[in-house]
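One chain, chain A, links the two complexes that follow: it is found with chain B in the first and with chain C in the second.
Right after this comes the complex of A and B.
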């Protein structure tokens, strides 16, 4: 048993060190966001001075007619919209690939699968050129529409559909006279639900993180997602030092929705990840 | 869109429900497939084709101030791509980055997943969540945070940053490697951990009866069984590495060592903002092709060795 205690201690030690590594930067950001700019440089970086978080948030939201709020709203619109719709489309396509046999099925699947290996950033420039042909760069749609496509989601949906939707059930629904589309929405999506949440969350993160496409596509700052907005502020910090505080508070606010979403939905994505790992 | 999505998944081999019949269930296939198909065509396949076409053109001017016309130039742009020293330097740079950073990141993820699965750790739920938090932080924001942490004047790491300049030309690449590792370890850990959870308990029983310890079980049973998850996370890490953009782009504000051609994607971006779209398109095509070939080759090699 002594050896067991030893390995237990060693394991916990590794976990503790890693927890410090992963969480201290986030803690630092939180503490930094509560300070005035003099205290930010003048006091210990990992503990509070005067708690000015709400004043700082007020300053942030007031800056340039609340452009930051606008960015947050944009990010939510780009990501929620694209992830919801994109998950539905990927689920439908993956479901069909798993549950129906039709002409061109293998070709379609292989093309989509190769799409997984094409880096999304390689598409950003040609997309820009295409959208500029129809004078549609610098619009909401120029960022939104390309964000809908998630080939890996199709692949996952296919895996999940074949593992969680039994053919017998579809057969039974058919005998009961339920149409295919109705069966999909009423029966299959329920069985695939944890998987769909997983696809949704990962799609959400991918779009929320997407940087090159808006960077290339957008010049009107009213259309920026929050990541691009914070990036442009950060590049100006050397000329306008007061922006530094805004970047810190803004960074904190920008990561809050995702962290909260992951915490609230963990029950789903945990089981979804598991489902994906089972053959 | 796909660079960060990768729960482990085994290839599907199950047969589809039934063969098509005139008015049978197959009739509704277009309803399911067409919406995604159209968008995939418009925003995935078409841009690839368009990039290839654009990369074959050159801009000609008559005299210095004459009107610019686009004429077919064949492989002119590609000749320029292959002669472009900084571009290939940036390719080598991300290779070096990947060769060092990907094994460290995945190694750490594997160790943490095995520890979580070993029964030696109490508070699994907490650790799983804590390690996953950085994944919810966008690359741009993570890079901004670490950029501040690396800056000698602001950092709580002052004892370190005042002795070593983490933003110097020698070290800044590895400082960025740390940012990427920090963001993605937890995510990769979860994928490997899910694969571990999927292993039925009976598998370990025989090994235990034979007197194999935790370490032996991890090495000889668990790691081989989670190989597909490791292969998948490696492929996505390779793709991610070649695409490095947000971190170096942000670090340009913190360190003058990061140039406008520091990574291949930065080269694409700065070439397109000159603007020289045709050359940038050629860069994009070469980069996409390199990525595709590398990840495909990796998949083939590991499959041949029986890992999948």
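Right after this comes the complex of A and C.
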């Protein structure tokens, strides 16, 4: 009993330290976002001075006719669009690899798997040169289309489909006269739903955080995602010091969609991680 | 099916990028590529130019041009600052053939683009050649590469350096404001005794150190038309390095990382008493150290021997026209308006704190006023004087980003007690030569 208590305390302690370690930067960001620029350097970094969060947000939204809102909207469009469509594609692809027998299936699957190993960063420049050939750089599609691809999602979908969609059920659907596409949407996706949410989340985070591709592709400010926009401002701080405050408030606002997505969908996230780990 | 596509596209990508690379280096990439193509007005019809720059709010300046020039419309594109990604984007775009017509390029990055043969020689445009006398001579020197006919950008802004100091603290402690570097070192001892640091030595702003070396007469690079000579450790630069090393070793300067809140705080709390910085630094202190309003003044940079009149420069950029532009003449017209007209210079100064590179620009009405943060001192008069004291013959190398990184690594080690600034420069010298060689740029050993 004593030992049990001791090890539990130790575990709690480790967890507590980790929690503090991970939350302090977020806390810093939140506190920083509530201060005026004078108080930002003049007062302690981890506690509040005058609470000006809403004034700061007002300044941010007013700066340059609200270009920040435009960036947020862009980010949501790139991310939600790519994550939804990408999840659908990954699900179909993984499902096909799991449930249909055809020549070259394993080869195909291995090629996809090796795609997991290629970092998105390494593909950015080649993609830029390809899009240049068809004169499509500096457009919405230059960032959107490459973001649809998600080899890890295909892998997860295949693993999950083969374990959660019984062949007998598909057989039964076929006998009842359901076409393959209909079966996929009416039966299989329902069964694969937890995996789909996980894939969506992974994809969402990956696209939201993809910085290099928009950096290389875009030079029209109206198309920037919020990450690139804030980075751009941050490099201009030497010239226009008041931008620093905007960058801090902007960073706080820009992480809120991620936090919300996580809080709403975290149970799927957990179960999906488990599924990926055991298979 | 999508996976096949993916595999296919990966193969395609490899093939494409290979051809793109080889076709890039196959053409007329030599630095001596003969006379520039003609700089004549485009045939009739309106022209649209693209201009990539990271100057905040420049759209509002360009709008003034667009309103008056319906036949030459300029579209602003933006991105992070040069070393933050825009230079790499320019190189990528030059390779892919979709570079903008005009781009902002800092003086220290111009030779890099010149070596890659990415720039249009504006010396071929009579309007540009004629504008030479409007610019402060050394800024013109910064955009003139090779011989005098090679003008690869229109100077935009400049960063003449001066001494920012806490007048109140110097006075209270009876320390005279240093006029020479010897006096500055002597003052450093007294400031330390009074509980402060005379300044913060920046471990990563190598361009600030370059400004010190520039003032002292150090010349880091030269190019005789055939090959580059790298000389980061000439006698004058060594003198500067030894000087600062001495202050660091005696712990008379603080060494917090620059551009952080910690650094702001050193100035805000009165721990750091001076900063030798460029004209744009005036806003950095004002915003970083708001508690010290009214206590700062600006004086000329300390001199190496009494009575000398010499200043350094830190920063500044130019507006360059890329070689791929189909309308170089119109682009040059716009670049000249942007950087010489009183209207544009006034707007640039008001919106983005740019300090002009023209002689007339340094007497803009906005620059003749007293500044409240500096006790209503007319600080820009000091900078206008400094701007005339910068030597015109300082040349940057073609791979400054790499040089900065290397030197900065060594500087960081030096401030934490490992090695000296001179060691850092010696190492940066060797690695710069290596970088030049690896890019097949001829360099003298």
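One rule holds in what follows: the second predicted complex is superposed on the first by the 279 of 279 C-alpha atoms of A that agree within 3 Å, B and C clash if a C-alpha of one lies under 4 Å from a C-alpha of the other, contacts with A are read in each partner's own complex, and residues count from 1 in each chain.
As a convention for this text, contacts are C-beta pairs under 8 Å (C-beta built on N, C-alpha and C of every residue); 3 or more make two chains touch, one makes a residue touch a chain.
A quick note: this is a predicted structure, and the numbers were derived from the prediction, not measured.
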Three-chain arrangement built on chain A, chain B and chain C clash or fit: clash
Partner chain(s) touched by A:142 [first = chain B, second = chain C, both, neither]: neither
Which superposed partner A:7 touches (first chain B, second chain C, both, neither): first
First, second, both or neither for A:72, with chain B first and chain C second: neither
Which of chain B and chain C A:196 touches, first, second, both or neither: neither
Partner chain(s) touched by A:174 [first = chain B, second = chain C, both, neither]: first
First (chain B), second (chain C), both or neither touched by A:40: both
Partner chain in contact with A:127 - chain B first, chain C second, else both or neither: both
Chain B versus chain C as contact partner of A:112, first or second or both or neither: both
Which of chain B and chain C A:262 touches, first, second, both or neither: first
Of chain B and chain C, the chain that contacts the larger number of chain A residues: B
Chain B and chain C footprints on chain A, overlapping residues: 40-41, 45, 89, 93, 108, 111-112, 115, 118, 123, 125-130, 149, 151, 154, 215-216, 228, 231, 234-235, 237-238
Chain C contact footprint on chain A (complex, rising order): 37-38, 40-42, 45, 64, 89, 93, 108-109, 111-112, 115, 118, 123, 125-130, 132-133, 135, 137-138, 149, 151, 154, 215-216, 218-221, 228, 231-244
Complex contacts: residues of chain A adjacent to chain B: 7-8, 11-12, 14-15, 18-19, 21-26, 28-29, 32, 40-41, 44-46, 86, 89-90, 92-93, 95-103, 105, 108, 111-112, 114-123, 125-130, 145-156, 158-159, 162, 167, 170-171, 174, 179-181, 184, 198-199, 202-203, 205-212, 215-216, 227-228, 230-231, 234-235, 237-238, 247-248, 251, 254-255, 258-259, 261-263, 266, 270, 272-274, 276-279
Chain C residues within the chain A interface of the complex: 1-4, 6-7, 9-10, 12-14, 16-17, 20, 52, 54-57, 77-81, 84-85, 88-89, 92-93, 95-98, 100, 259, 261, 264-265, 268, 280, 283-284, 286-291, 352-354
Residue numbers on chain B that touch chain A, as the complex places them: 1-10, 12, 14-20, 25-29, 31-33, 35-37, 39-40, 42-48, 50-51, 54, 108, 111-112, 115, 118, 120-123, 127, 129-141, 144-149, 153-156, 182, 185-186, 190-191, 194-195, 197-198, 214, 229, 235, 239, 242-243, 245-246, 249-250, 252-253, 265, 268-269, 272, 277, 280-281, 284-285, 287-288, 291-292, 295-296
